[in-house]
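These are the structures, in structure tokens.
Shared between the two complexes below is chain A, which pairs with chain B and chain C, respectively.
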Partner chain A sequence: MMRKIISGNEAVALGVKLARVGVTGIYPITPQTTIIEKLAEMKAKGEIDTEIVRVESEHSAMAATFGAALAGVRAFTATASQGLLYMHEMIWWVAGSRVPVVMVVGTRAVGAPWNIWNEHTDFTSERDSGWIMAFASNPQEALDLTIQAFRISEDERVFLPMMIGMDGFILSHTKTNVLIPDQDQIDGFLPPRRQPYVIDPEDPLGMGNVFPPEGYMRLRESIDSSLRNSEDVIREIGREYSKKINPLGDYSTLNVSYKLDDADYAVVAMGAWAGDAMEAIDVLREKGIRIGLLRIRYLRPWSEKEIREALKDKKGVLVLDRSTSFGRYGGPLYVEIKSTVSDIIPSIKGVVSGLGGVTVTKNDLVYLFNKFVEGMREDVIWYYPKEVGKVELRTPRDIE
Partner chain B sequence: MSLGLRGILNKHNAILSGTSACPGCPENMAMRMLGMGLGKDVVLVVVAGCSSIIQGNAPYNAYNFPTVNVAFAAGPATASGLARAYKQRGKNVTVVVWAGDGGTADIGFASLSGAAERNENILYLCVDNEAYMNSGGQRSGSTPFGAITSTTPEGKKENKKNLPFLMIAHNVPYVATASVGYPHDYIEKLKRAKQIDGFKYLHVLTPDPYGWLFDPSKTVEVAKLAVQTCYWPLFEYINGKLEISSESLHCLDKRTRRPIRDFLSIQGRFKKLSEEQIKVLEQYVDSMWEKLKSML
Partner chain C sequence: MSLLDYQYFPVSRPNKGAGGKTGAWRIVKPIVDYNKCIGCKACFMFCPEATIIPNNGKIKIDYEYCKGCGVCANVCPVKAINMVSEQ
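Our next item is the complex of A and B:
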């Protein structure tokens, strides 16, 4: 075990190396590019024995990763934004095939217009694809979750692909101190690859051909129940990881609480700004306001039980969304939280902010939390940290 | 009829009984011959199309090879992943992509071109029935000029996209064409392709009775006519060298070509062609042969 100052993307590449991945499908897109560059560099130096398929699109990156996984090796890819949307079709195909695959998403805004900066909408819009979806809040967690992802997705109680979100630039490019496990430790933690079936010439097995309606529906149901059952598997594997690999990280739960037990108010957030939220909470605590944080680490499975338990007895909950769900009142996390605890929480408010790289600082969060505790009137607000000039949208031009 | 195929037929039965193919289906024939040419140790990647229906409903599988079905545009990339994984595992497997003309000329072309450029060790097989037959006979990039399809009821206005030429331009080790009318030639080409390391492209003309509008008993006859009238050239391009297959040698000289009308008049899809339009098709054939001759 050693410590090194590395970026989130480097941490992920190291996780892929330690997991002894057999094939990676690579295609560049900001801000995940340095993951695949790092892997290519490791390959050139002979540090990894991974087949690297330098494909011509993200659709193909997911397809190549899928093919490799079917043929019985550990397979990985990474993407972001438009790239994730471009592979959308194959993301569903992989989940429907029940084949373990791991992907990291360096989250980023989706055009139009072009915007390369961070938000979570690309990630959250894959919510219903059937993948396990975790979200890291620092480079250490990005590495730890990448390694755990192989173990979770290859568990016979799960057999589903898993993606890990990581805030673009904020984590992907920021260097922090990361604890890097030894190869021996990971070899002891990750058993040889397991999957429900392997495409091998000896066995004329058909995968993915036409399914009669009832069979199709049963398969969809099996994905749902495996995804829900994966909750216990995630806790079990997380506990083992904390014990054997990283004693400083607590992975015994799906989601993470901060100063929540005695709190009157709770904030819910996902990703890197949870760190700023913790600092903002400390400021309010000093003023005697009892407020805490629930950080969502797993969007899927959604641990209803854990979340209800963590938020019970709170006077109010404020949900921070760095993503959008248009035409619905509030962002995706707000809607999820509302459907989970609206019967036990008197007041649930939401903030949509930080889109397209808009910087939300600790001070902004202090302001927002204060406003919330004072009883902010609107249920959901779109918050702009700085004074933003009014944007005039032109009315459609009549064509003569 | 004795084609001397019985011996090889017993080698590997690629197709089991009970497929969902229409009577007279050329793709069914092409698949059966695939088994004769490649034998065992084959994995198939099938993209959306008639072939994914011919295979039959799960849990049954009429293809006697392990078969991965994938989304339309994903065939070559999925095959690349499979081939790389077998290489990692030290297994000798021939990975075959089986796609129609829509999957090849249109939606899957980027993925095909990418895999060819990377010289992936796979065999890409295009079964070309010149339209989207499985979804009702709509035009594709591979539909010839003048053909009536369900989205070109007035006849297609553009020429056929010449995929074998495009693949030759990729400088891959092996590009060949075949026709289900000439099984020996096709099977020989499959055998040759199997021996070659790197990217192999084989384009098989598969005349479809339902889209081309001829009697299902005539599939082989139409497939032969396509070659005899020189509409469909048979050739092999191995490591930069072009060779015209013996069935097509007569096409090198325009005077010995059978008139293209013999190929057009046996099908319903060309019934609205005017004299002028037939000339356009003749010009297409001429220019294709000029190009081939220039490569010899």
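Our next item is the complex of A and C:
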């Protein structure tokens, strides 16, 4: 085990190396590109024997990864934003075929207009696809979750693909101290890949062919059961990972609490800004306001049990969304939290912010948390940080 | 590998007549001219119903399952297969 200062993307590439991935289907897209650059570099130096398949689009990247996985090889790919959208069809195809695959998404805004900066909408828009979906809040977690993802996805109680979100640029390109496990540790943790069916020319087999209506519906139900039952698998594998590999990280739960037990108010957030939220909470705590954080680490499966347990007895919950669900009042996390705890929490408010790379600082969060505790009038607000408080956009009226 | 009872997988195996027996609705059927046939097995490769069976360098068509789609006649490089009207 060693410590190194690396970026989130490098951490993911090291996770792929340690997992002894056999095939990666690669196509570059900002801010994921340096993951595959790092993998290509390791390949050139002979540090990994992963087969790197360069393809002509993200749709093909997922198709190539899917094909390798069907043949029984541990397979990986990474993407972001428009690339994830371009993969959309294949993403459903992989989940529907019940094939273990791991993907990292360096989350980013979705155009138009063109914007390469961070937000979570690309990631959250895949939440009905049947994938297990985790979201990292620092490079260490990105590495740890990548390794655990192979074990979870290949577990016989699961057999579903898994994607890991990671805030574009904020985590993908900034460097921090990361604990890197040794190869033998991971070899001991991650058994060789197994799956119920592999394609083999000697024993021809089709996966995901035409299915009659009742058979199709039964399969969909089985995907739902597997995804819901993966909750226990995730906890079990997480506990083992914390014990054997990274004792500094607690993976025994799906979601993570901070100063929540004695809190009157709770904030719910996902991803990197959960770190700023913790600092903001410390500021409010100093003033005697009892507030805590629930960080959503797994968007799917959605642990209703854990979330209700963590938020029960709170006077109010504020949900931070770095993504949008147009036409619905509030972002996707707000909607999910509301449907989970509206019967036990008197006041649930939402904030949509940080879209398209808008910087939300600790001070902004202190301001928002204060506003919420003092009694926010609106149920959901779109918050523009002070520095960009005035946004000027031209309207067609300007055109003669 | 022990799978749990909620686990189902969308798997199918290639089989003769995946669409079932043809019945009486076929209007044309492929007839092989064995004087022309060179035994290349292109028709066997392309038949979507897997109803062409290669046997000792010759091919044989299983008419019980053949749908009369004409793919075999089209892919035959020496035009050894004719689609003829059902009587």
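Throughout what follows, the second predicted complex is superposed on the first by the 386 of 400 C-alpha atoms of A that agree within 3 Å, B and C clash if a C-alpha of one lies under 4 Å from a C-alpha of the other, contacts with A are read in each partner's own complex, and residues count from 1 in each chain.
Throughout what follows, a contact is a pair of C-beta atoms (placed from the backbone, for glycine too) under 8 Å apart; a residue touches a chain by one contact, two chains touch by 3 or more.
Because the structure is predicted, anything quoted here is derived from the model rather than measured.
J.: Under the superposition described at the top, does placing chain B and chain C together on chain A give a clash or a fit?
T.: These partners clash in the superposed model.
J.: Determine, under the contact definition given at the top, whether A:F211 touches first (chain B), second (chain C), both, or neither.
T.: After superposing on A, A:F211 lies in contact with both chain B and chain C.
J.: May I ask you to decide whether A:I337 touches chain B, chain C, both, or neither, giving the answer as first, second, both or neither?
T.: The answer is neither, since A:I337 touches no partner chain.
J.: One more residue to check, A:R98. First (chain B), second (chain C), both or neither?
T.: Only chain C is touched by A:R98; chain B is not.
J.: Quick one: is A:I245 in contact with chain B, with chain C, with both, or with neither? Answer first, second, both or neither.
T.: neither
J.: Which chain, chain B or chain C, is in touch with more residues of chain A?
T.: Counting contacted residues of chain A, the larger count belongs to B.
J.: Give one of first, second, both or neither to describe whether A:D200 is in contact with chain B, with chain C, with both, or with none.
T.: first
J.: For the superposed three-chain arrangement, which chain B stretch in 26-34, 134-142 or 260-268 runs into chain C?
T.: 26-34
J.: For chain A, give the residues common to its interface with chain B and its interface with chain C.
T.: Overlap of chain B and chain C footprints on chain A: residues 204-209, 211.
J.: Spell out the residues on chain A that touch chain B in their complex, using ranges where they run on.
T.: Counting only chain A, the residues touching chain B are 22-23, 25, 49, 51, 53-57, 59-73, 75, 89-90, 93, 199-201, 203-212, 215.
J.: For a test of understanding, state which residues of chain B touch chain A in their complex under the given definition.
T.: 40-43, 45-46, 52-53, 55-61, 63-71, 73-89, 91, 93, 110-111, 113-114, 117-118
J.: Going by the contact rule at the top, pick out the chain C residues touching chain A in the complex.
T.: Checking each residue of chain C against chain A gives 1-4, 6-14.
J.: In the complex, go through chain A and note every residue touching chain C.
T.: Contacts found on chain A: 96-98, 156-157, 159, 194, 196-197, 204-209, 211, 218-219, 222, 225-226, 229.
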